[in-house]
Structure formats: structure tokens, C-alpha cells
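Read through the structures below before going on.
Note that chain A is present in both complexes that follow, paired respectively with chain B and with chain C.
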Partner chain A sequence: MSAGGGGGGAHEAIPQNNIIAFGVIGGLVGIYAAYFLVDMVGPYMSFLGALGAICGIIWGAAAVRRVANYGLGTGVPSIGMLALGIGVIATTFGLAVGGIAGPVVALVFASLIGLVVGVLANKVLNMGIPIMVQSMIEIAGAGAITIVGLSTSMMGTFVFFDEIANGMIISQGVASGVMTTGYIAVIFIAGGLAILHPFNANLGPDEKQDRTLMLALEKGAIAMIIAGIVASINEGASGSLTILIGLALWYIGFSGFYDRVKRDAYDVVGTGMLPSKEELE
Partner chain B sequence: MIDIVGIIADDFLNILMITFGGVLISLGVHLVPVGGAPAAMAQATGVGTGTVQLAAGAGLTGLVTAGFMMNATDSMGLVVASGTVGAMIMIAVTMLVGQWLYVYGVGCPPASAKVKYDPITKDRQDLYVSQGTEGHGIPTASFISGVIGAGLGGLGGSMIYFYLLSIENGLPEADFIGIASIFAIGLFFVNAVIPSYNIGGTIEGFHDPKFKRFPKAVFASLVATFLAAIMGVVAIGGM
Partner chain C sequence: MEPLTSMGVLALMGAAATIAGASEDLESDVGSQSNPNSQVQLAPQMMYPHRIYNKAVSGEPPSNALMCAIGGTTASVLMTTGASPILALIIGSIVAAAVHGTYSVTSYFGRSASQKRFKQPIYLDLIRSHTPVIMGYAFITTFCILVVSYLMVAVMAHPFSLPLLAFIWGIAVGAIGSSTGDVHYGAEREFQNVEFGSGLNAANSGNIVRKAESGLRNGIDNSWFCAKFGGPATGIAFGMVVFLSGWITVVFDPSISEVMGWESIIAGVAMVLLMVMWNRKIEVDARNAFGPYKSDEEEVAA
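Let's look at the complex of A and B:
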């Protein structure tokens, strides 16, 4: 039994190539802007990293939507967990090895693992989904951007190691601030859910691209708010602006999603109050 | 700049053992009775959730028990055994509680639709399968298969963890453990999803005809884990 999907290509109002450009460029610009502006302007600019992560989340959700529409046979959540699983491996490698180029290295190596898994899925496992290879590259890359973006917004930097001078820690890095403390688990689930949930919640014959992506924005905003809460206890980043912008984006995302639900549904009616005990007897 | 070739040459045994761990996880997932959404409605044999969730539950428990043992001893045998048993206990408890729900809650007998007789107890199966379903509950063969599968998964996961932690580097211990754990979790998810695509989301255990497909997923996991293991070892070894 295949869970979800009509077994064919998905109709898309926005071409996938535009969304790829949006995810890659928006994600990297957000991450680098956060990194430089935190140094130049102040810790409260760390919210830009979460905006970059939201670009990655929307890209990932669009890619999941395209590939899962063929019917994976396993349910949509598996592919979101795969994205973040590859993303976390590539991010650890990229940030540890890449230095200032860390996010780009992470993106490139995530895409590389995605390419290998996609080719294996089609050639060895015979899944026979024509866009599998491209989609796996996209999903893995989106997972990496989401992890790097949320980490940057939590720490105010994507530098992996603590900066130490004269035995004193000047600024905390991602390794000790996000990975050792366990916030990476929060990123894993909040980011993974934001990528897998939009299509999982909307799938069906009346699924529309803009409704799914609006839900991705709403889920991304929740991840942003959580990153803001974490940032509020870190010195390098400031949480208040992240939380406020996250709340505003959540409102835009949720009301936009609800408007589209009302547009696509035949009718939306309230159930009213539960009948009282006397009325039931 | 990190001496990438030197690190790979020094830690090649670690890369091989991490890859082997990934292969064990991939094989283990084929043995766990995953029913997916149909099983959640008692319309297919197995536990009513996806491969990834089951594998993650068992694997993460295995990591916790392996990590706890790592705290007490450096002996690889004890660490790996602890991880294996932790994962086995976790999946056994999950299946047992699921079984109670199917028997006492839904009210259906555990029965397999893939075989006529249970390969272990030799009990007749097909008479007890409700019409329109592909079996329900967790029959004995599936239960035992699941415990073996979780054991293999826990063995693989704790081997990945152990061999990541035996790479020489200059990290503070707390950071090292954090990074190795999250890396092992990432590998666990990748190796849980690959076999789940192979089996199409549901499997009953070693008696299911789909089980014969396992060499494909094992090969796919071998390639993917090898690539990821090189990246992990270079990243951690260069720190």
C-alpha cells in the first residue's frame, strides 16, 4: 500500500527552478548576512540566519511535495528524516572543515550524499521515480541549509569551534553551543517536521502548491521562534527580535494557510457547541 | 588545512567498521515487523508505525545504553553488547504493548497473511486473518524476527558510536561525545530510510517474501554509509 500521492508529477504554479534558486540563494545570503552583521551591527541581527533556514525549509517542502507525489510507499515522514540525517552529517563535516566557507561546503557535500542516495534508490532499489535523483539532491541540500541556518540564529555564528584566547572562551562555536548542549536534537525535529509536514498534511487530489508552501512558511516560523528562545540564553545571539519576527511570520503563514484552506474547500462550517445533556436525552 | 589523506589512512579501520555498522542497521530494519499506516488500523501485520520511527526508537535507546556503558568501561565488547540489548528491549516492549492493544483493544488475533503456518510455532495462520486485511497483530515469528532485527540495529548503531569515539583528536571530551552521538543518529536515520524504500514501507519479518530483497538495500547502505563515514572520520579526526 502506498501512502499518499497520485502516482504522477505534481502540478506547480511556481516552477521548481525558481524555488531552488530561492532556497539556495536566500538560505546562503541569510546565513552569511547573519554571520557578518552580528559582528558589525550587533547580536540581534542573528534572526537573519533563521530567515535563511526558512528559505531552505520552503525549498525542502517543495521538493518533498514533488517527489512524494509519486507515492514513496513508506509515508512522507521518512524522506524528511532522511533529509535531516544527511544534512546533519554534511553540516558537521562542512562546518568543521570549511571555516568561513562552511555553509557552502555543507551544502555541496549534502548534495553529494543526496546524489548518491538518489542514484542508489533508482538503480539499486528500483524505485522508478524519474525525479528521484534531483529531488534527493534538493532535499538533502535543503536539510543542510535548515540546520546551518537555525544553528547560526541560535549562536550568532556558524564557526564550529570555540574561540579561545589566553585560556578564556571569547565566543562559543556551534560544536559546544548547539551539538554538545543537545539543541541539535531540537533543530533535527523542528526542521525535519517543517520539511516533511506541509505535504504530509495537505496531500490528496486537491493538493495545491501555494497552500503547501504557505504551511511550510508557518512551520518554519515555529522553528524560528524556537531558535529565538534558545538564542536568548546565548551571548553571541539575541533572541527577542528572532522571536518577534518569528511570531509575525507565523501569523502571516497561518492566516495565509487558512485563507487557502477556505478557498480550496467546498465549504467551511463550524460544528457549534456540543449538545447539552438534556438535548441528548 | 586538514591532512585529509593522512586521516583517512590512519583511521581506515574506523571507516570500515562504521560502514559495517551501517550495513547491520540496514539488515536489521528488514527484520523488524513494520506495518505502517495499515497496521495502525489493524489491517496489516506488524507495529502500526513507519520503519524510521521504529528504527529510531530502538536505535536511540541502543545509543543511550551504549553511551552509559562507555561511561564505565572502554571494552568494545561490553559497549556493543549493551547497545544491542538496549535496542532489543526497546523493540520488544513496543511490540508487546502494541500486541495488547491489538488483542484487547481492537479485538483481533495476531495472524500473518504472508505464510500459511507460523514458521516457529507451526500454528495455522490463514484461518485467523480477517477478510479484506493483510493480517493483524504481531505473530510469534514476527515478534522474534523483530527482536533479532533490533539487536542487529543496536549492534550496528553502537559500533558506529564506538568507532567514532575511538578516533584520535584534540576535542574536549564533552564536545566529542556530542558530535559523535549526533553523527551516529544521522547515520542511523539514513540507514533506516534506505531499507524502508526497499521494502515499500511494510514487512512482517524474515518469513515475508519481501525479506529476500535485502541484498539490494545492504548494498545501497554500504555505499552511502561509506561516503558518510569518510566525511565523519575526516571531520572528527581533523578537530
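Let's look at the complex of A and C:
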């Protein structure tokens, strides 16, 4: 009798492998498209980075759902925070050493840390969850994509260090624009909650994959709006388009989620008494 | 800085933190967040469907960190563009409260919908009546935390930035609200129908009080109860944390000399030891006054 699911594997309408592909490819394409198109077309293309982050968030939420279905219960928030913790380390390392390959290095490095954490959880802590290792790799990777994506849409670039010519800063990097200013805190928590909240908010025996993932879209859109607010003060990125697209995605996500709630719930009533004894039997 | 000025700033921070602590606890009580949530979540499974708001936004520390970090980020962005600090802090808090509202609504919808087989209905009037209350408390909490963080940055010249400080204080207020405030909601309100101090028998699991003085009990009834003691107690606890942890470095300022820095550490340790002894004395006195909990046999005999 666990409140967190049947204690076995989760039922999946969309196979996890498709979601992994969606997260990795969608995430990297979004991030690189933002990086190149900001240079070629203009700062307002920075919103693509946040779209990449949303792909990562949906992937992360699906991975949390899968592993947490083994009855993690109150461990759901912890695993989301863990994902972003790994993500921050991997992003800092990957972007600092990777140059143009930074996001890929961050993703690979995050997966490596996830592998170690997953093996530790199963072998040393004896959690004995069959998909633990794979899920930890996925969650860590999704966390890295979320952080790189949101940082890119805030700054318009994922280059880590400031570009300096003749003693003048000609373009700000992620290190001074996101880390030093403290905006990394909001990326950490808004991205982390976007990954952990969808399953946490739908916890229960009648949880459905599409409802959970729709909620991930809605929460990802909120993170996108916040990234847009920060982007509005950076020259390399544009906030208004990011915020507008974020609001549109939020509306799609929320109405899609509400439709699925009405589909799945026992009853949606304006007000009323509790179900009677006869009804409960 | 003048010691008198910094004392005044510290007093203001302590006052803001006290309000933040109280409103944080009441905000979590309206939606039954955090520890008491497990029984609200369990109740329908044990055939006790209810009309209590099930706001499961992770634990209180992450959800408050989210509110405060969003508020701090928005305020910091606005101040960069030249807006006045008060306006920036207020707009930041409004954005944070709105985001928290969406998190609350989606968790009530999602958790209730996932309990279909236990026949837990979704009551839309609960959303309409409780969500504004939750958002109101979230606004007060975020604003007070932002005031504390802003004073630290602007007046006390703290090296951290506003979003980062707001994030850290958000975690702190959530942690204190969870550890101090939840006690006065969980045991004393959800299980008013069992003898006080009897602990939670496994047979009573999920059998929370679902009926109120008139009508069915909801989250606002619970916050009314918690506002009498749990909320203020949380406020005093958090206010003391902010005030006392700042007080030691204001009185013994480490920026004046290294010796002063060590004195501030000694003062901090002395304060912790004093608190430990004081708490121990309260506990011993309470046990002497009210005696050990009655065992089952004595209860039957009585």
C-alpha cells in the first residue's frame, strides 16, 4: 500500500526511448539553434534556448515518473533537486572547458555523474530499483540540458567567459551574466521544480503519463517566462518574445492539463457534499 | 557603518522575518502542504474522502525557495532597469505569488485526479476560495523575505546577490516553517478526535477530522486554527534566527579586526549552548508538570 504508485514499473503510453530522443535531440537542437541564430538573425532568437530547456524538462519529468513509481513517495522532491545539483556541476564544467561543444560536454559529464550516483544507490545503498542506474543518468542529463537551455535563453549564448577585446567586455558570458549575478539560483529551483513537480503533483494510483507530461510542459513554460524576464536586461538576448511564447505555451500546457484532469478525475463538481457511504462501496 | 544604524536595520530585518515566518506557516496550512499532507493524501485511500486542499508542491523549503528566487530575480531585473526598490520588490512578489498559485492549483487537481479509484471528487469552489488565500500569504512571505535580502545587499553590503540571498532565505523560512509550524497543524488539528498526546495509532491513519463546527472542514478552517499558535510560533522562531544570527556580527563586527571575528563566533556558540540548556529545562519542566503519557491499561482503568 504505497501512496506513490503500484510498486512496479509505470505504465507508459509513450515509450521512454522516444522521450529520451525527444529530450536529447530537442534540447541540443534548441540550444545550438539559439546560439547560431542569435548571431545570424538577431537577439530575439534566444527563446529557442528555453524551448530546448522545455524538451529537457519533459524528459526529466518522464524519467522521475518512471523511477519514482517504485514507491519513492517523499523522495520525489529530493531526486529532482539531485538532478539539478548534478546539472549545475556538469554545466559549469562543460561550458568552461567545452567551448563550442560545451552543451554536449555538459550532457556527457552529467550522465557520467548520474551513472556513478545510480550505481552507488543500487550497489552501496542497496535500493534495488532495476531502472535506477538508467534513470539517474537520464535525470542528470535532463538537468544539464535544462540549465544550459535556460542560461542560453537568458544570455543569448552559452559561452562561459566574457569576450574581452582591448580591455572592453564586448559580450558577456554565462559565468558573469548568470552565475555571478545569482540568476543561477532561479534556474536551479525553477528548473528543478519543473522536473520534480509534474510527478509529485500527480502522485497517486491513477496517475497517467500524458497528464504528467502535460504538466511538465506547463511548468517548463513558467521557467521560460522567468528566463525571458532575465533576458530583457541582457543585450545578447531578447525577453519580450521569450515571455510571449512562454505565456502561449503555459496556456496550452494548463488547458491540456485541465482537460486531462477532467477526463481522469472521479468527478469534477462546482461544490457539494462528500460521496455517501453507498457511493464509496 | 554606525553601530546604531546597523542595529536599526537588524531590528527591521528581524521584524520582516517574523512576519515572513508566520505567513509562511499559514500559507502551508491552508493547502495542507508538507508533513500534514501525508495524512490528507492517505485519507481517501482509507475511505475518508475530504474537502481539504491538497497542495503538494514538494516540501516547504523548495517551494518557498522557488517563490523567493522568482521574486528576487524579478526585483533584481527591475532594479537594474532603474525602478525604485519598493516597487521592484512588490512586483517581484506579485510574480512569485502568481507562479505559486499555478503550482498550488495543479497539485490539487493532479493529486485528486490520481485518486479516482478512491472516489475523491475535485471541488472547484475549493480552488476559487483557497487559491487567493494561498497567493496572498505567498505574497506576504516573498515580500518580507525580499526585504530581508534587500537590506542585506543594499545596507549591510553582503557579497551575495539579491536572487541568491532570497533563494537561501527562502529555503531557511521553509525549513523553519516545516519543522516548527507543522507540529501545530498535524497532530493537533488533523487528529482532534483522538485524545491529546496519544500519538497516532496505525488504525487511525488517514482518519482525519473532516467535519467542522458547521459544514465540512476545509483548509481555511485549518489556517484559522493554526493562526492562534502555530503561525506566530513559527514567526518568532524565524525572526529569532534572522535577528540573532545577524546580531553577533553586528555587535562583534569581523570587518573591524580579526579578534572581533573570533568573538562573534564565541558569542554564537554561547548562544546555541544557552538555547540547548533552556530547551532542555522547558522539556523537563513540561514532563514534570504533565507527567508521562498514559499507557493503554491505565486509560482503560480510568
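By definition in this document, the second predicted complex is superposed on the first by the 266 of 281 C-alpha atoms of A that agree within 3 Å, B and C clash if a C-alpha of one lies under 4 Å from a C-alpha of the other, contacts with A are read in each partner's own complex, and residues count from 1 in each chain.
Methods note: a residue touches a chain if its C-beta (ideal position, glycine included) is under 8 Å from a C-beta of that chain, and two chains touch if they have at least 3 such contacts.
Everything quoted here is computed from the prediction, not taken from an experiment.
By the document's definition of touching, neither partner reaches A:245: not chain B, not chain C.
When the two complexes are overlaid on their common chain A, residue A:275 makes contact with chain C while staying clear of chain B. Contacts of A:28 after superposition: neither chain B nor chain C is touched.
In the superposed three-chain model, the partner touching more residues of chain A is C, compared with the other of chain B and chain C.
Of the two partner chains placed around the shared chain by superposition, chain B is the only one that A:72 touches, whereas chain C remains out of contact. In the superposed pair of complexes, A:232 makes contact with chain C only, with no contact to chain B.
By the touch criterion defined above, A:124 reaches chain B but does not reach chain C. Once the two complexes are laid over each other on the shared chain, residue contacts for A:182 go to chain B and to chain C alike.
In the superposed model, A:81 lies in contact with both chain B and chain C. Annotation: chain A residues 1, 3, 74, 77, 81, 180-182, 184-185, 188 touch chain B in one complex and chain C in the other.
Every residue of chain A that touches chain C in the complex is listed here, in rising order: 1, 3, 74, 76-77, 80-81, 180-186, 188-190, 192-193, 196-198, 200-207, 211-212, 215, 218-219, 222, 226, 229-230, 232-233, 250, 254, 257-258, 260-261, 264-275, 279-280. Partner chain A is touched in their complex by these residues of chain C: 38, 41-42, 45, 47, 49-51, 56-59, 62-63, 65-66, 69-70, 72-74, 76-77, 80-81, 95, 99, 102-103, 106-107, 109-125, 160-167, 210, 216. Those residues of chain B that touch chain A in the shared complex are 2, 36-38, 44, 50-53, 56, 171-172, 174-175, 177-179, 182-183, 185-190, 192-194, 196-198, 200-202, 216-217, 219-220, 223-224, 227-228, 231-232, 234-236, 238-239.
The part of chain A that touches chain B in the complex is made up of residues 1-3, 72-75, 77-79, 81-82, 84-90, 92-93, 96-97, 109, 112-113, 116-117, 120-121, 124-127, 161, 175-176, 179-182, 184-185, 188.
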